[in-house]
Structure formats: C-alpha cells, structure tokens
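Each chain carries a letter (A, B, C and D) given by its place in the written order, and its residues are counted from 1.
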Amino acid sequence: MTAIGFIGLGNMGFPMACRLKEAGHEVRCFDVNTGSMERAHDAGLQPRASVQEAVAGAEVVITMLPSGRHVLEVLGAEALPFAPGAFVIDCSTIDVESCAAFHATLGERGLVTLDAPVSGGVGGAAAGTLTFMVGGTEAAFARALELLRVMGKNIIHAGAPGAGQAAKICNNMLAGISMLAVSEALHLAKRLGLDPKKFFEIASTSSGQCWALTSYAPEPGLVPAAPANRGYEGGFASELMLKDLRLAEQAAVASHSPALLGAAAASVYAMHCAAGKGRLDFSSIIQMLGAAQPARI
Amino acid sequence: MTAIGFIGLGNMGFPMACRLKEAGHEVRCFDVNTGSMERAHDAGLQPRASVQEAVAGAEVVITMLPSGRHVLEVLGAEALPFAPGAFVIDCSTIDVESCAAFHATLGERGLVTLDAPVSGGVGGAAAGTLTFMVGGTEAAFARALELLRVMGKNIIHAGAPGAGQAAKICNNMLAGISMLAVSEALHLAKRLGLDPKKFFEIASTSSGQCWALTSYAPEPGLVPAAPANRGYEGGFASELMLKDLRLAEQAAVASHSPALLGAAAASVYAMHCAAGKGRLDFSSIIQMLGAAQPARI
Amino acid sequence: MTAIGFIGLGNMGFPMACRLKEAGHEVRCFDVNTGSMERAHDAGLQPRASVQEAVAGAEVVITMLPSGRHVLEVLGAEALPFAPGAFVIDCSTIDVESCAAFHATLGERGLVTLDAPVSGGVGGAAAGTLTFMVGGTEAAFARALELLRVMGKNIIHAGAPGAGQAAKICNNMLAGISMLAVSEALHLAKRLGLDPKKFFEIASTSSGQCWALTSYAPEPGLVPAAPANRGYEGGFASELMLKDLRLAEQAAVASHSPALLGAAAASVYAMHCAAGKGRLDFSSIIQMLGAAQPARI
Amino acid sequence: MTAIGFIGLGNMGFPMACRLKEAGHEVRCFDVNTGSMERAHDAGLQPRASVQEAVAGAEVVITMLPSGRHVLEVLGAEALPFAPGAFVIDCSTIDVESCAAFHATLGERGLVTLDAPVSGGVGGAAAGTLTFMVGGTEAAFARALELLRVMGKNIIHAGAPGAGQAAKICNNMLAGISMLAVSEALHLAKRLGLDPKKFFEIASTSSGQCWALTSYAPEPGLVPAAPANRGYEGGFASELMLKDLRLAEQAAVASHSPALLGAAAASVYAMHCAAGKGRLDFSSIIQMLGAAQPARI
C-alpha cells in the first residue's frame, strides 16, 4: 500500500483515483470543486482540505489538471510539504514549456518527477485501460510502472523528461490533421459521385490509409463503432482536440518547427468550436465542410 | 488473342503493353516519341505510323497519356476509325472533367468506355502488380477484367463512369496530406528532443497511425524499404504527387468541395518542385521543413 | 443610336441595360427568367423571345451571365444569327478557360470580342459608376469605350484577350485574402486587449495598411460607410467573393501557380457560406473567428 | 541631461544610443558582445562593465534585446541596483507573455515601465525617424515622450501596458500575410499573361490595394524604391519577419484567437529561411512561388 496524494478529480482524475483506491492504496485527494470532493468522499477516497494536506507525507503525488498553469501553480508553491524524495507524476496534458518547468522546479527540491499524459478517455480511465506516454529517467519510469499499470494497460517510456508530453502532442497533432484530411477526401469523393463505402474500401488498403479513416471514419455507415454513427456523441470532444492542436502549435512555434497543416487544422477546429460544436466528437469536423450531395461538374 | 491498340508508351505504358504482348495479345501501338517507338519495336510490339493505324480494327483500345487534354485530343478526333463497338480503356490519371468528356464523347459514337487509372508505379507495371481503380458499367468492368489482370493484381470496380479517377485522386490527396502531416509531426518530435524511432513506435499503434508513417516514413531509419533510406530515389516522384494534388484541387473547386489541407499540401509540393526536388520521392517533402536538431525551448 | 442585343437581365444586367436604353440605344434583350423579362418590358427595354431574336441584326451583343458554362452555351450555339462583324462584349465574371474559349470560338466566326468583367456592385450598375476591366485588342477596346462609359466610370484596358478576367480575379483574390487577414489581425488585437480603434489608427498608416482595413473594415465602429456598421447587409456578398476566390484557385491550379493563401481564404469562405452566411457582405468573414473578448494570457 | 542606462548595442540599439548621446544625454551602456562595446567607446558612449554598472544610478533604463527571454534575464535579476522610481523602457520586440512579466516584475519593485517596440529599421534608427508603438500608463507615456522623440518621429500611445507589443505584432502579421498574398496575386497574374505593371496599376486603386503592393511591391519594376529592385538586399529581413510572425502566432495560440493565414504565412517564411534566404528582404518571399512565365491553360 502506498500513500498517494492525488490532485485534480475531474472527469479523468476521479476514475483514475478510484482505481488506485480499489488496488488498495490510500488516496488522499484534493480538488477546488466542492462537488468533486463530495463525490470523492462517497467513493471512499480521502478528501483533504488543501493541496498541502493532500501532499503532506505522501510517497507519491499525482496531478491531473487542465493546463500547465494549473500544474505550476499547484505544485510550484514553495511551502508545499512534500515528503523527502517524494515521487511526483503529472498525468495532465500540458504545454512543453510548463512541463520543462515542472521537472526543473521540483527536481531542484530533490523530488523525482515524471510527465505521464494519457490517452483513452473517460471510458479508459474507468476501465483502467489508458495509454500512458511517459517522460523521465529509466529509474523513475521503473519505479512508476506498477502504479501506472493500475490505471492503464499500455505504459510507454517515451524518453527523457518531457518526452511523454512531446509524444502525446505530436501524435494528436497527426490525428487531428488526419481527421480533417479524411473529411476532405470523403466530402470530395461524395461530391464526385463516388460511394463513400467504396472510397472507404479502396483507401483503407491503399496509400491513403489512416486510423482516422479505417478505425474512426467521420462519415456514418463506415465504421460501426465510430461516433459518426451516434450523432458524434461520446468519443474525444472537439474542444479537447483543439486543446491538443494548440499545444502542438505552441510547441512548434517555440521550437521553430514549421507546422502548416497542424496550424491549419487548429484553426478549423477553433472555428468549429466557435460555432458551438466543441462538445461533439472530433470527427464531427466533417460538418464544417457543408452538405455533400454529388455535384454536376 | 485480342487485337489491342495501345497509345502512349512512356515509363508506365511501355511495360504495360509488354505484359499484354507476353500474354499473347497483338499490341498495335503508337507514341509521338521516336525513341519509344524504337524501344517498342525491339520488344516485339507492333508499332504503327499513327493513332489511326493503331486503332483501326482493334477490339480494345488502351490509352496511357500524361493529361486529360492529351486523351481528348488523341481519342476525340472525329475521323478515328474505331471498330464498331470497340472497347476503350483509359488508364491515364486525368482530371474529372476530361474524364467525363471522354466517356460522353466516345459513348456517343457507340463505344464502350472505362476509366481505369493505376497505382503501383513503374515497378508494378513491369511486374504486373498494378492496382486498377475502374469506373464504368458493371458489364464493361466484367468485360475488361481478364485483360486488366494481365497488367495488375488488384482490380477494383469503383463505380459508375468517372469513379475510377475520383477514387484515385481522393486517395492520393489523402496520401499527399498524410505525408506532409507525418513530416511535420516527425520534425516537431525531433525538435522537442523525442527520438524519431520512439515516436514512430508510439504513433504507429495510436490515433496518428497512417500508411505514410507506418509503411513509408519520410525519415531515414524507420521503415527499411522506404525511399527515405536511399536518398529519396525511386518511389513515387514529388512531381507526380503534385500532379495528383492539383487534379484533386481542381475537382474540389469544380465540385464546390472545401479542401483546405489538400490545397495547402499542393502548394507546399509546388514549392518543393520549384526548388528543384520534383524528381525525388514524394516523402522528400520533409526536406522543406529544414534541419531538425533538438531546440532549446 | 446602336442596336444592342443584351443577354442576362439579373441584378447587374438589368440596370446596365437600362442605362444603355436611357442613353438612347435600342436594347433588344433576353433572359430565361420570366419575371426579369416582364421587368425589362416595364422599363422600356425590348424583350425578345429568344437569344436568337435578341442577337439577330444587333451591332453589339452584351452578355451578363452567372458562369463560363452559361456564356459558352448561350453564345456558342452554331446557328446564332450574329450580324457580320458584330461586336460581342462579355461582362460576366467567368473562369479563364471559358474566357479563352469565348474569344476563340467567336473569333473564328469573324466576330470582334472583348472580356469586360465589372466591379462596383448593383449600386454602381444603377448609377453608371462601374469599373470595367477589359481584355481585347487595342482596336476593340477603342471601339467599345463610348458604350462602356455609359455603364461605368472607370474603364481600364487590362491587355490582350482574357486580361480583363485575369485582372479581376487576381485583384479579388487579393481582396478576399486581405479581408480574412484583417479579420485575424483585428480579432487578435482585441484578444490581446488592444482597442480596435487604436489598431485601426496604427495599421492604417503602417505596413499593414490595406483597403480591406482602411476603407472597408470588418469590425463595426471603424469605417462609417462599411457594411460592418449595418449588420453586414448590402455590400459584396460572401457567396460572390467565394465565387471569385474559386475562379482564382481554378486559374492558379490550371496555370501551375501556387496560391496557398488564396486557397485557404476560399476554404474559409466556403465554410462561412456552408454555415448559412453567404448573403452577408464578405467582411462578415470575421464572424468565423468567434467572439473576441480580451483574454488572460 | 538625463543619465540613461542602455542595454543592447546591436544593429538597432547602437544607433539609437548614439542619438541619445548626441542629444546631450549621458549614455551608460552595456552589451555582451566585445566588438559592440568597442564601437560604443569609439562613438563617445560610456561603456560599463556589467548590466549592474550601466543601471546603477540611471534615471532611465532602455533595453534593446533579441527576445523576451533576454529581457527577463537581464532586467529580472533581483539584485539589480535600479535607482528608486527609475523609468524602464523596453524597446525590444518580444512575446506578449514576457512583456506582461516585464511590467509585472519591475512594477512590483516600484519602477515605472513602458513597452515601446519600434519599426523603421536600421536606417530609421540612425536618422531618428523610427516609429514607436508604446504601451503603458498615460503618465508614463507623457514622461517618455521627449526622450522617444530623440530616436523617433512617430510616437504612438497604443494603450495600457503590453499594448505596444500587441500593436506591433498584429500589424506585422498583417504585413507578412499581405506580402505573401501580393506575391501570389502577382505570380498568378503573370502566369495568366497579364502585365505585372498593369496589374499593379489596377489593384493599387481597387479592393486589392495594400501597402505591400503599392509601396513595397515584391516584383522588380513596379515601385522604384522597393528592395525588389536591388536584389532584395536591405529592407526588412525575412528572418525578422519570421520572428514577428512567430510572435503573432504564439500570441494567437495563447489567446485562443484563430489565425489561419498568419500561421500559413509563418510556415512559408520558415521554409524560405530554411532554404537559406533569411537575410533577404521579406518581399523575396515571392521567390518561393517559382518562376512565372505565362502558361498555356
């Protein structure tokens, strides 16, 4: 049994904390939201009155917060009573600059740190099937493995500190571009009179093949399990994809890496969210292209 | 044995014609290029002095030409002495408007027509392993099947007349976007200090997975067979990808289908070709992004 | 007095025809729309039962039609009874390929041709203050000048046949990009807490200056006469800007000219029109960017 | 006479410092570059051994540094011996986040701060004709005015702290987009056979008008004073435009403002610089589009 301080009990953090508790760990938790704290109490977690109290004496501290600013504000407070040599794992998806500051600031205090953003959504958090992309030393990764396996199925050591965040945003940038690209290709196919099923069949076994088409097609009737078949409900919200695309664009600008398609996809998702579609699954981006009756050319 | 008129003996047309001859057909062929005609003669094909002579009496006419304008100029001549009910198969990759005119013009003359663009490159043409994406009636497709199987391994009936071209350009637009997207993601990953091999491993089994990454990665050292490992020689030339991206953009504009990423990829390939890289494999597009040493952020 | 055949009596064509009539010319006109024909009759124009009858015996034929296809279908009919040496002026905004076909087809029949697209909108057509961008020979331009001055104030000889269309679509592509660029800059300025009036004042006298900002700003309160101050009513409709951006993109693809920003602007206008905003003035494109309260960074 | 501490003696900082000295002020200066310090000594400025010594006792401190990181590292040192109530003017062009930190950090120490980025280039710095875009309180602006007028001709109060940087990057984003847009329009015009001079004449008085065309055209032969007529030497370097476009993109991402065209322009400038053209004037971006002989369409 490990004494764990867990900060951030939102849609993702709460089920993750519950799995740790069910695995026999003592989960001392905190969230600024009162409702989240009540829910935590009802679930048998141990709510504490402040970050300080949640962290005090914990062998491991886990954070699951909305942004880099939150992570640095919560963990950066100088007076935070970390146990000596405590192990701090940030599971939030945050910008690479804040991630670097997280490692540097806590490292200076003698703490061991990992960045470990996840994919897999709320369902994966509840089922313990998340994927963790982990950045940190080999030793830190080895030390975290058992705990992360309680919450996830696929635990990947991406590399040095920061590599977890880097892997996640690069992958998600690619996924976001792919989804818009697939939408464009399907829209054009339909306008040209091609049956989308036929296009799906051809491109899925050709050079256009990609996960966004083959496993998650944005057009209804192609992939049974895809959100497109249930009104784009559930899945991975457009506003979360926009968040990740912005993190990627931010990293690209800061690192002087030209990311034309990444920035273009970010802009289209921003317009989609501005049109009120942020809660729909990110494959709903196909709606931005308008109706697609076959055209006379 | 079928008497075949074959027009266009370039890099693709010549090996295709040779396979037909080797299968026992009589291949009466023509090309405006004298060298191509000599090569055809040496290979045992039957060069004729003009399109008229190649077409006269042929049961099947096959064209493999650079553009829609060429196809319409060659086949549209009113005096062309087609055999009654002759079967005309255009294997060129051309614009959708010319393709529609091809079907309409020859159809009015009582000819049976198919659009049947290919993928698989010069190697596939020589080995008879091309993929054919075919547009035309069920009856016409059935009638062509045996002949196409001499030249290709994967013969797909994409749908009504024009569907072959539509399938090819939609797929290739998706492939062109994907390749640039993968390049951006790999470049960013490296700038962020992530090992490209690690990124490859993660994204290949995640939502960023796509053929352009998994089977044809633009970074050396990831996919052994990919052109990236031999200086981007061979493969599918950037100038041919640019041609296909332009055909897709043209179709998108004509059919009022918004293709932002498709047009953006076309522009970057145009700049790449303008910089003298048109002959390199299309995965060389990653060179447009510049060097990618890890950056201090 | 000149006998003029006038084809196309829509929002632009009707007031243009009226001005010709008021200047003392005999305007024999035709439109497929019955209501337009009645309106023409009431206005003292001379409606004819067909294009043939409108054209027969006319010294000058003027067309004002929605697209290149219409122009070629209407004027290309072989049996059309043009007077020998008749002068045909197409004032439609059409694609460059159709424009080339217009000059070629009618030129072969011995007719004198001009492409003469306009800018200035319905108001300019009624007031006779249109701008004409004219492509054709010096002689043809000189011959048309008096007639065009009845309908417009600014008559520019852009160059050889086709130059009028080229000038219009290149200019309008630039205007469409500029309007979206100004929208982005104003949106960003506001998000950063800068007063839009102050940004307007600074950029209007700096390197960011452009007509879309200085004379037609998309933000209310900056340019009194701009459509932004009256709910984006009136002005130049977004769907017309989209039409012109598509003509430019089509010409760019056909002529192998990379137009990344032009294509991007076309896509955003397509999304804007797909969202039901096609009738609003083209400066309403700023709405695509969402609300712009100052942000905490 | 004012005692001024001046940090940063590069291409811009050195001539600015010289003008202050010539106006009778005592300029105690520092730069990490030894050559710059020798040049300063030769010019009659008063080089000091460190930032500390340059700042000690100065009534006004002026910084002209390459980036926000430099500004914060130089000015943020806690032990810096500012005179009580000293006036700190940062003339660097930096990111909006660092600019906010600059005001906050120094404000907490009781110092009066202004952000005052410039435009006008090395020539303007030497001639004292720079434009200053100033962010800060009314009182601070009034206090700085006399000093800024020694270095510039056009001193604009853009608004509250940060407004100077915001105004500069929004304007320059617009200028960068405009230059690429003008390049695309000119390239397309030429490919369509239109004389660039004629296009210049038409668009300069129409809705496509913009400073990048009318005053700084990227095609030789249109604007006599433009860098296009002297091999794109001098002017405003592409790498500086890229820097400003990145600052704008960074601010747009951080403030959740969609800037599609801004990001696209940034990517093309990045590719241009990656191709070794960073030192050429930013109007050389037209070279990315390739040669532009008229095309057969």
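Here are a few things to note about the model shown:
Keep this in mind: a residue touches a chain if its C-beta (ideal position, glycine included) is under 8 Å from a C-beta of that chain, and two chains touch if they have at least 3 such contacts.
As the structure is a computational prediction, the values presented were derived from the model and not from experiment.
Looking at chain B and chain C, the chains that touch each of them are A, D. Superposition on CA atoms relates chain C and chain D by a rotation of 180 degrees, given as a multiple of 5.
On a Cα centroid basis, the chain most remote from chain C in this structure is A. Our note on geometry: chain C versus chain D, Cα centroid distance of 39 Å, whole angstroms.
Inter-chain centre distance (chain A to chain D, centres taken as mean C-alpha positions): 38 Å. Taking each chain's centre as the average of its CA atoms, chain A and chain C sit 48 Å apart.
Residue positions of chain B with contacts to 2 or more other chains are 254, 256, 258-260, 264, 268, 270-271, 274, 288-290.
Contact residues on chain B toward chain A in their complex (touch as defined above): 96-97, 100, 119, 131, 133, 156, 158-160, 162-163, 166-167, 169-175, 177-178, 180-182, 184-189, 191-195, 198-199, 201-203, 206-213, 216, 248, 251-252, 254-262, 264-265, 268, 288-290, 292, 295, 297. Listed in rising order, the residues of chain B touching chain C in the complex are 246, 249-250, 253-254, 256, 258-260, 263-264, 266-268, 270-271, 274. Interface of chain D with chain B (complex): residues 264, 268, 270-271, 273-275, 288-291.
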